[in-house]
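Two complexes, one shared chain (subunit A), two partners (subunit B, subunit C).
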Partner chain A sequence: MITLTRRNTLGLGLGAAAAALLTSRTAGAADPIKIGYPANLTGIQASLDGPMLNGAKLAASEINDAGGVLGRPIELVVYDSKSDATTISTVASQLIDSDKVVGIIGFADSDSVLAIGPQVQTAKIPFITPGATSPKLPSQIGDDIFLAAFGDNVQAAVGAEFALNKLKAKTCYLLTDIGAEYTTLLSDYFVSAFEHGGGKILERDTYKTGDKTFTAQIAKLKAMPEKPDFIFSSSLAEEIGLILKQLRQAGITLPVVGGDGYDSPLLIEVGGEAANDTYFTTHAFVGEGASPKVKAFSEAYKKATGKEPENAFAPLGYDTVKLMADAIKRAGEPDPAKIRDALAATSGLEGVTGTITYRPGVSVPDKSVSVIGVKDGKLFLADEAAPSFVAEP
Partner chain B sequence: MSGFEYIVQQIVNAVSLGSLYALVAVGLSIVFGVLRLTNFAHGDVMMVGAFTTVLLNALGLPFVPAMAAGVVGAALAGFLIERIAYRPVRDAPDVTRLLTSLAVTYILENLGILLFTSSPRNFPLPAILNESWQLSGGAITFTNINLLTIALTFVSLLLLGWFITRTTTGLGMRAAAEDMPAAQLVGLDVNRLIIVAFLVASAYAGIAGVLWAAQAGVVQPQMGFTPLLKAFVAAIIGGFGSIAGALLGGYVLGALEIFIVAFLPSSVSSYRDAIVFSILIAFLLVRPGGLLKPNREIKL
Partner chain C sequence: MSGDWRIPLVLLAVCVLAAAVAYGAPHVLSDYFVRIILLIALNSILVLSLSLSNGFTGVFSLGHVGFIGAGAYVSGILSIPVQQKMALLPHLPSFLHWFSLPFLPATVVAGLFTAILAVIVGYPLMRLSGYFVSVATMGFLIIVNVVLINASDFTRGARTFTGVPLETTLPWVFAWLGVTLFVLARLVYSPFGRSMKAVRDDTIAASAVGIGVLRARLIAFVIGAFFSGVGGSLYAHYLGSFSPNTFYFAMMINLIAMLVLGGMESLTGALVGVVCVSILSELLRSVERGFTFAGITVPALFGASQIVLGFVFILIMIFRPKGIMGDRELTFGLAARSARARKRREEQNA
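Take a look at the complex of A and B:
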């Protein structure tokens, strides 16, 4: 898998280099600027990281078609990090020590970012994660870490306010996957926002990433003396379809709310009819009736990959490469320290998933959140909002 | 829902999960019994069975024949693994054989990733299997796939029981498991017996693979790891190499996992796996040979 991906990247890089050669004619200026891109193309994160990489590649080829950055093409150096912390660390060494990249982009989940963080921070290489949403990441790792997406505290607050105001739900049963940092944090932020808004958590239960049977928890839910108005399930893409199926099979028809971990084709493929009456917060709505900006992106994505964007992680990957390229341009030279400072000064950069501005000293952008619902096996945009109350990271 | 109905529901859940564990553990035990080999590739044979079913189903074959083909495919994979990988190292030291089986695991898994990518894909279950039964006004529910799992486990284990106690080949297998050189001395064709053991064990893996994927809703090349781990624990609880022990161990493990979640507060049950393994360690200190083999030391 590694060799395959590597070959693709090389091909892309060579193609870009050749194109640049034709236009600029100066060999030195045609050396590509290398941006590292570790991607979990296999393993549990594959359904998010795969589309994200497609989006990133699309942005890179658009930038190179338009003449590159600072007169040089950019090259994404891609490796498969296999959703595995050890592999991520090996890949990070490879990118930093051998490939000498000037910036790194990667991952849709906080755990993977935590795995690569220390190495990136020690080497002082600016790092942007397109899809990880833990607002704690910059404080946990350091000032070289940037998020391109909103923080989990923001999306959890939107989820809570959606349940309270739109679903008119005051009581909640909370199910948390305690196998991941993302799902654990999302639950905590949700509870803060939901209780702040006057909601009440009636019961909490947990499971672990990789579990296939949730019947014990579901039976417990059914035995609750007071029935909740809805379920908040803090889950990853691989489990949520199955959880929904087992819930509906047990006769529980309550609405289910969750975060951007749901945003994968698996939700409807695995969940089937059981996915109806499910709502999740995410970065953009890419389905039928999307905004003109998303539509234009979808068309370009379809042209490049032959399929519609699978989820919001595709435009996130796209936006992040544009964000990095913008910072390199403003830095004036491909120097990691200067790129970092330029990144931190990003202001009003328009992307497919919203506008990115970093407030001074804050590496998490303020962006609006889309709430997507499932009806008759189809996704629809249920709400788009910025929360009124956000829990501290 | 009354307390009684709650308990019945959790017992149904435990039996259903336990059946799945038992089915995998029995296959693991058959190979261990005959060869004294921990066959790590067992989980990957499950994967072969599940993928064969999905692919044939996608090509238009109805679910039941596709599933049967999956079982045959798994048996064939087991046969090939034995012939190509295990037979040349049969008399090698235990460590060599253990590493060989690990190597087979990696090769099969990566082959799966190369052929199908590692993204999970939907396991198309016929709608009828997804339907659920509601008892006592919906207080107790179970699905047809639960029923099928329990039924297939019982039927296939009854068949296995008959096979190893009533047929010459089955008796031969048990003799070889007891003492391989002696079995050879009295004229048993040990090669043939080992092949049969692998065919039977891998067919079990095939059935278990399809049922596991049906419960999980998805298939992917790495799907064999978790069931292998669970089956390994189940087999150790029961007494490694003992088929009845594996069966018992599977149900004990399934019950432990369900009951910990069902009857302990969620602040405690979030340590489910830690609790299960602590119980396992404590138990092995008292009965190192497992439930059914109290006096025999386990050697891997």
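Take a look at the complex of A and C:
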């Protein structure tokens, strides 16, 4: 048995730390334009941020193959922020202060964006979130924050109108994950759009991110005197598969509608057959029978990563890098303040997930929403729409 | 005068050095390193406050993060600027609406709040021993989490609590760390500290010689809770925005790992644990991005840092089961020297 004395252990640790510090400094290549990319590659957000990063990398390599931006290549500076607020703030200071990035792209959820927000805003670095959909973010943080996706108020309205008009469902059982900003807001926006369209919420119940059994909620649903026409479940990818499975096992075959939190491979992997008759609103349809633009993206994605795009966050990551590159090009030089102004002036930029235009003073783009359904374990495009009524952010 | 003249000198030198680092670092080092130092000092306060109950009194609490979370929210609610309060927390009771406290009072109030909470929770729970107290305090953590999520008028529920002014700077954290260390060192190495350790080592024997077991445990628990409430407030003003899940099991496990690794029964051990774990996980986080060393390119392996960290924990637990420091303090020989000097004086007097 090796015996480590107190002093030896301390010495070993400090020595290793010093050695690692010295080796971790490596020199950079031929002066690329650096774009920060914090990603939650481990932890609860991994199934969304992973594909998003792959899409972003694909866009960066396409841009660089075509000669880069302003004659210089772009480089994504990637860190794993571990779905943790403290790590996110540390990573932000690394990107802003050590790596001197001119813009930052990142995250699929509003909580992470709120965690990085104050630092980005203080440093006046333009920030685009590919996947976070809270329309309140720009007003909560400041004018350096942009969304590449539609707001939750828009997708919730499309979901509500889809249920009312396509499913002919007027009464709803509402299940909300109150463990996250996104699901809580989505639920509120859904209620106002659904009630505005003449629908009625018969009963509501809640659960928390991380819950594994939903028996109490299902029992409440089964005991309702008037059966609802459908279930709106405002959920994240980790839970929705389990919810569907337990619903179907309890003999409830009602259609289930939700938002882009469903849009991960987990829906079908975990849900299996129980996922049938589920509909969710999201950014683009990437499965069989997609539009030519999405198809071209899917092929390039498959070539780069060896697999089909997992969900709409892959093309969102792709579009966001193109959006940032376009703004850098129009800014004329990689200067954060100029890039911000160029970003705000983006108009009619064609992307895989739709066309991006920012109205003056609004950092949330107007985009159309895809409704995806599940039939026989496969995804299909059920509808594509812009809503007629949208709740205030 | 008793004691060694070197001790106050060394303490003074440490204070001067700490003040120099606190005020000088932001001018010399990059923001990233300043943040790492700040996080180490902040986590030190949290781990030290945890060591009082878990290490010195033998009450292995798993509910400590509940106090940190409560402290963060209390100080956050108190210190959000009045104009923003209306927008962020419209349903707050009116007596909380019309004022907002500066950083220091908000932090002290947060500490006092969690201390009172600890009295209420601790009075029944501190009668339990061993595994039972761990499970019961874990129940407390779950209750705090559920309350934070459901008291949405005060906490915005599960939605991110945001808008807390970013006021946690190095001097603040160092000052609070100094206060924490001073109070804990005076307490742990006092006669009362001895009775805490006696309760830990043998509850029955301790009560047989007249030590109030409940009293010793409760005092340790409450003082620990005060400093974790303070730490929670510092955390809130460091992050600016957080949610109930920021203060949950992941944070608990992290703090316990730091404490156990450094040595549960030593104040300097707690510090060593925090420094080692923080530096190691920061280094691994940079290394896992991939690097080129001596012509060999290692590709990015995100997630590898957690695996390596877990492996290091296992190794340390195998070779040093009582943690790096065990129950000894890092005093650079000063304490022993001072004890020897005192003994010599006493012999001369006798």
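We adopt the following convention: the second predicted complex is superposed on the first by the 363 of 393 C-alpha atoms of A that agree within 3 Å, B and C clash if a C-alpha of one lies under 4 Å from a C-alpha of the other, contacts with A are read in each partner's own complex, and residues count from 1 in each chain.
We adopt the following convention: a residue touches a chain if its C-beta (ideal position, glycine included) is under 8 Å from a C-beta of that chain, and two chains touch if they have at least 3 such contacts.
Values in this document were obtained by computation on a predicted structure and should not be read as measured data.
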item	value
Partner chain in contact with A:326 - subunit B first, subunit C second, else both or neither	neither
Comparison of subunit B and subunit C by subunit A residues contacted	C
Partner chain in contact with A:250 - subunit B first, subunit C second, else both or neither	first
Partner chain in contact with A:185 - subunit B first, subunit C second, else both or neither	second
Which superposed partner A:216 touches (first subunit B, second subunit C, both, neither)	first
Partner chain(s) touched by A:229 [first = subunit B, second = subunit C, both, neither]	neither
First, second, both or neither for A:208, with subunit B first and subunit C second	both
Subunit B versus subunit C as contact partner of A:97, first or second or both or neither	second
Touching partner for A:89 - first (subunit B), second (subunit C), both, neither	second
Subunit B versus subunit C as contact partner of A:78, first or second or both or neither	second
Overlapping contact positions on subunit A, where the subunit C interface meets the subunit B interface	1, 41-42, 178, 208
Complex interface listing, subunit A residues touching subunit B	1, 41-43, 46-47, 50, 178, 203-208, 210, 212-213, 215-217, 219-220, 222-223, 238, 241-242, 245, 249-251, 266, 269-270, 272
Subunit B to subunit A touching residues, read off their complex	1, 6, 9-10, 13, 16-17, 110, 113-114, 117-120, 122, 130, 132, 134, 138-139, 141, 143, 212, 215-218, 222, 226, 257-259, 261-262, 266, 269-270, 272-273
Touching residues on subunit C, where the partner in the complex is subunit A	30-32, 34-36, 39, 149-150, 157-160, 162-163, 166, 238-243, 245-246, 250, 272, 276, 279-280, 282-283, 285-289, 291-293, 300, 302-303, 305-306, 316, 319-320, 324-326, 328
Subunit A to subunit C touching residues, read off their complex	1-4, 6, 9-10, 13, 17, 20-21, 23-24, 26, 41-42, 78-80, 84-87, 89-90, 93-94, 96-98, 110-111, 114-115, 117-118, 140, 177-181, 184-185, 208-209
